[in-house]
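The two complexes that follow have chain A in common; it is paired with chain B in the first and with chain C in the second.
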Partner chain A sequence: MSTVAGHAPSFPSRREVIEHVRALGREVVAVMPIHYPRAMLRAHRLHPIEIWGPPRVPRVEGSRHFQAYTCDIVVKATSFVRSGGIAGTKAILVPHTCDALQGMASVLGDFLHPEQRVLTLYLPRGRRTSDRDFLREELQRLGAKLSEVSGHQPSRADWMEAFEAEDAADAALADLYRRRERLAVSDRHFYQVIRAREYLTAEQFCEAATAVPEGNRPRTGVGLMISGIVAEPLELFDQIEALGAHIVGDDLACGFRRVYSTSMRNDPFERSASRLLKGPPDPTCGTPVRDRIEALQTRMRALGARGLLVYDPKFCEPELFDVPLLRKHLHEAGFPVLHVEFEMGETLPHQTLSRIEAFVETLS
Partner chain B sequence: MSHVAAIGIDAGSTTCKLVAVDRDGAIIAWLLEPTEPRVEIQVRRMLDALRAEIRIETAVPAIATGYGRKLIKQATRNLTEITCHARGVFRDLGRAGTLIDIGGQDSKVIQIGEDGRPVDFMMNDKCAAGTGRFLEYTAARLGVPIEALGKRALSVSSEEPISSTCTVFAESEIISLIARGAEPDAILRGLHRSLVGRVVSMARSVGIVPPVMLSGGVARNEAVRTMIAEATGEDVIVPRQPQLMGAYGAALLGSAA
Partner chain C sequence: MTGREALPHYVESTRLQHFVNYEVVGKSALRVQRWRDQWKLATRRPRPDSPLSPPLRCVAYMKEIMSRHYLEGRYAAGVRKVAWVTSGAPTEPLQALGYFLVYPENHAALCGVRRKAQSIAEEAEHAGWSRDICSYARTDIGSMLSGKTPAGRLPRPDVLVCCTNICQTVLHWYRVLADYFGCPLVLIDTPFLFHEAHEHEVAYVKRQIEDMICVAEEIAGKSLHEKRFQDVMANARRGAELWLEILNRSQHRPAPMTAFDGFIHMGPIVDMRGEAVVVAYYERMLAELDERIDRGIGAIKNERYRVLWDNLPIWFKIGDLSKWLAERGVNVVASTYTYAWGELAPMIDPDHPLDSMARVYLHPILNRSTGHKLESMKRMVDEFELDGVILHSDRSCKPYSLGQIDQRDRLVKKLGVPALLLEADHNDPRDYAEEQGSNRLEAFVETMEARA
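Right, the complex of A and B next:
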């Protein structure tokens, strides 16, 4: 594995990762966004490979089963499952991130019956003690299902090994964000590494993260904060740089929102639950919008961001609820906000780029 | 004649405009044509036509804007329509406020700050509803020439509400209204209301800071002006040459006037 400044980082492919984990005696589980207990899967000898709306898959097949106003992540993932994209995996885990994903879990489990087991995870919409207790029970329920899928009941040693490995990978992710200003790589390169966490093993990710070189990379132009669910295609970052701007920080569901704080509780389910509830503000976790606004303001000030680009897949309900208030309050605080909705594809439409270009001009 | 300080080129999706300004930012000459498929060739020809009329030094900056801006090789720089429209209208009307620009294939709302720079904006460039194309298509169904649309819509007091915001569905709604014997001018009035409803709701999401200013080709349509004033409760001010504001702003930004 190598990571050279100015060059694309190279990681094992998904296929190579699958072969690798199988050789280690683990089976693969497809996982939908956003939050789920990684260490728990590992303790059960399972390896997660995430699906964030594969861009090369057409909506057609999936769109037969959902309303026209369902996001690409859900519709394209359903097409992907229907077209055999997750063949060879043991199960698909669909966390209750939003109504669209809950709908997907029902459509798969009740009507489409893929060959894989469909697992659900109900996530609470708050971070109170009662939410943690609920999640703990929910994780216990999921744990029983995971044992059925893998045929393995984790021992204390399995749990400890899994927590150690996944905590190290989470720490490597957090460290990448901490070192961000000093990294000698482009925004595209940075997010390629961040997103490799979606399928690499914890050890592979740690290696990839520590390989990101530090060095002098003077950053000119307008500093932007990017928020939303997922920034795709990665070409977006090249285009933003070409427009004379760069990303100083993110609030992306596929990025910073998964920088969890570690938890040291003894009970593995309690530990997993409290960890999942210790991430940055996230509308899909029921964080009040004012907390998100406050956190964004503080980070934008600290990082020197001039404006916020909210970049969301079309029809993302949890995000759409927050956007008007984000716009209003951040604007009042002196941070203009641009909200762009995109359809997942391989290229960036001219209109999207034009909006971002106009936004950068207004901030220049 | 004064010297040309800069040229603005607005390669829009419906029309292509060229504006030359002097050192004080006054318009010396302009050209406007329907956009051709090869806009870069068209701009070359239009620049030659402009040179045949006025003396242009080779080092004069040329700023391109509009959807085809990146194709214009003669441009020394390109900027988005948002920045250029804001600058052009601010210079022409001398006011900060809310600019609604309704072009042939897109519409935008720009909040212009006290210094003439855009503070916030919103664009509708994915859907024909809320653009000039909406009126054009639907008017074609009624056989009314585009220049007469506004006058005809204001000539009646009755109005046929058009519930579809989508251009395609609105067209079939018109067909059923005609079949039911509805008055064509009342249909036209309803169509204008529908377009205005769409752009005003976009303006509301940005926040309406008075005065409301209107640019783009559709600004010439008196029914659109009247209905925007009714919907916002604000007077609507229109620059002298509403279609040229993008090119004018581009030229101003090139000359720094």
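Right, the complex of A and C next:
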């Protein structure tokens, strides 16, 4: 695993990870965004590999099932599933993140019938006691399904081992964010490590995170906060740096929104529920707009961000509703906001770049 | 409160306005308007060139009821507590507590029918809301920001009640409203049912309804009266039963009403369920439909094909579409959308209000799987003896629309029923391509003709 400053980090490939976890006696489950109970999967001898698109997959096959006004994450993931992209996995877990993923889970289960089991998880949109109690029982229901998939009923020791490993990986993720200023790596490199959590095992991720070198890598230009669901393609970060800016922090669903607080409750389902409900603000979890704005302001001040880049896949309703209020309130607080919608692909459209360039110029 | 002297001046004046403008002048004026409408309907000469039969006479009453509701809304603030609620929200306890209820979705639909939705939605778009969000939300946010509304004025909410049993969109939308109005937002989160409801899901919804009642009682400054609550529940059940009976009358040939009539006449069950006036209105409507059936009168004069409509209507096109289809002998006799407010009637149990509400509000068609919707459509094709299905692919409404491509495919391939996916939007005319829509509808009618 290479982590030389300035070079791309190298991780095991997804295929290697799959072989590795199989050798450990775990089966693989494909998982759609955003939030799900990682330790629960592990305790059931299952390993999650997440699907965020993927960007390189064309929409064509998915478009046979979803209308043109459906986001790329859902359409491309459907293409991916239909073209055998998750062959060899035991199940696909679709957390209830939004109406689009709800539709995807339903269409998969009712009409497309992939060879994998289609598992769902309803994530409550509140943070009340009733929500926690419900989620606990919902996780119990999911747990029973996971046992059916893996044929394994976790023992107390399995649960302890799983929480220990996944909590450590969660902590490593949080620590990466805490240390960002001191890390001698580019934004692209940093986010490659962050996103490796989407498929590495907890141990592999911890190793990757600790391997990120610290040192003096002066970061010049305008500091930006980036928000949205997922920053694709990774070239985006190179281009932002080339434009004389850098990312000081994020509010991405694939990034900081999954920095959960650890829970120490005894009951494993309660513990998993508590973790999921203790993440940072996230519109897909029903966070009030003001809470999100306040959290963003506080972090932007602390990190020295000069503006906010909201970078969303097209047709993402949970994000779109917040944008005008983010813009208004953050602008009043002295933070300009640029909202860019993108179609997931392997290259960055010129128009997107020009808009970001103009934004950076106004902040310089 | 011990005496009227204790009321602040502005409360006195709003009460006075409510009394004079609504109770005395408004209600009387609307009654007179209804008489005039009735007279017009009774004396209007049938138009031989129209493919449609004359409208139902009861429409005059419906106009009165709905206008009265919106008129009261203008003067409700300060007199009654006001709740803005989603169309699938469990409103019976609020009714029983005397709240005035505003249904932003219904208001947006009103804007759509009056062809005002686009200009109002543009107010929201100018303020930054994307054209890719639900056009109901855009219409109402635009109305909230600009004050533009064909309803005169909407009262500010004291509380917002958002139930996710129709979509998650409403939660994002209501968070915007809560931010704007600075009032409490009560969330009733209803887990989506991919299969049958689990007990923990029912218990979760019940608990939230109980919590909602506590908040509503606190805001209203009074407790929920059990008997009153049961009465409201009984009215809700009876209203829903009658609505279901009304819709099922279209199983007759020729159908005495169209689904387009249903879209218009569903106003009372959506906006005022639980009120006695709804029961009285639907009894009247049912009687008139039975009279039509007895006399062999169909909603369209030459019913050749019977069709199902899936999804929301295209509000700004209702009149045109209904006429266009009728000219070709097509009667849209049923719709999955209007059914949603009737099909759960048997689940409402006034003796066990909270338990039954929890179940009812978990089960709307929009909170159920795409497979369940297909089964509902198949059942309706059978029961209503349908020749085809129009699936309105509504750009704004993802929860209703995602799944339609496969549903259409199954209807065509497994049931052999012609089915059309019609791309449009329920409230935004910019998303309906007139020529393309007509061509596709034309081809759909030809397919049915070829099979006849």
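Just so it is clear, the second predicted complex is superposed on the first by the 364 of 364 C-alpha atoms of A that agree within 3 Å, B and C clash if a C-alpha of one lies under 4 Å from a C-alpha of the other, contacts with A are read in each partner's own complex, and residues count from 1 in each chain.
Assume a residue touches a chain if its C-beta (ideal position, glycine included) is under 8 Å from a C-beta of that chain, and two chains touch if they have at least 3 such contacts.
Please read these numbers as outputs of a predicted model, since none were measured by experiment.
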Touching partner for A:E361 - first (chain B), second (chain C), both, neither: first
Residue contacts with chain A in the superposition, chain B compared against chain C: C
Contacts of A:H350 with chain B and chain C, given as first, second, both or neither: first
Which of chain B and chain C A:E317 touches, first, second, both or neither: second
Contacts of A:F111 with chain B and chain C, given as first, second, both or neither: second
Partner chain(s) touched by A:P336 [first = chain B, second = chain C, both, neither]: first
Contact residues of chain A, present in both the chain B and the chain C interface: 324
Residues of chain C that touch chain A when the two form their complex: 127-130, 132-134, 137, 164, 167-169, 171-173, 175-176, 178-179, 185, 187, 189, 191-192, 194, 198, 200-201, 203-204, 207-208, 211, 369-371, 374, 393, 395, 398-399, 401-406, 409-410, 423
Chain A-touching residues of chain B, taken from the complex the two chains share: 67, 79-83, 117-121, 123, 125-126, 205
Contact set on chain A toward chain C in their complex: 64-67, 69-70, 96, 98-100, 102-107, 109-112, 120, 122, 124-126, 128, 130-131, 133-134, 137-138, 141, 283, 286, 288-290, 314-315, 317-318, 320-325, 327-328
Sites on chain A touched by chain B in the complex: 324, 331, 336, 350-351, 354-355, 357-359, 361-362
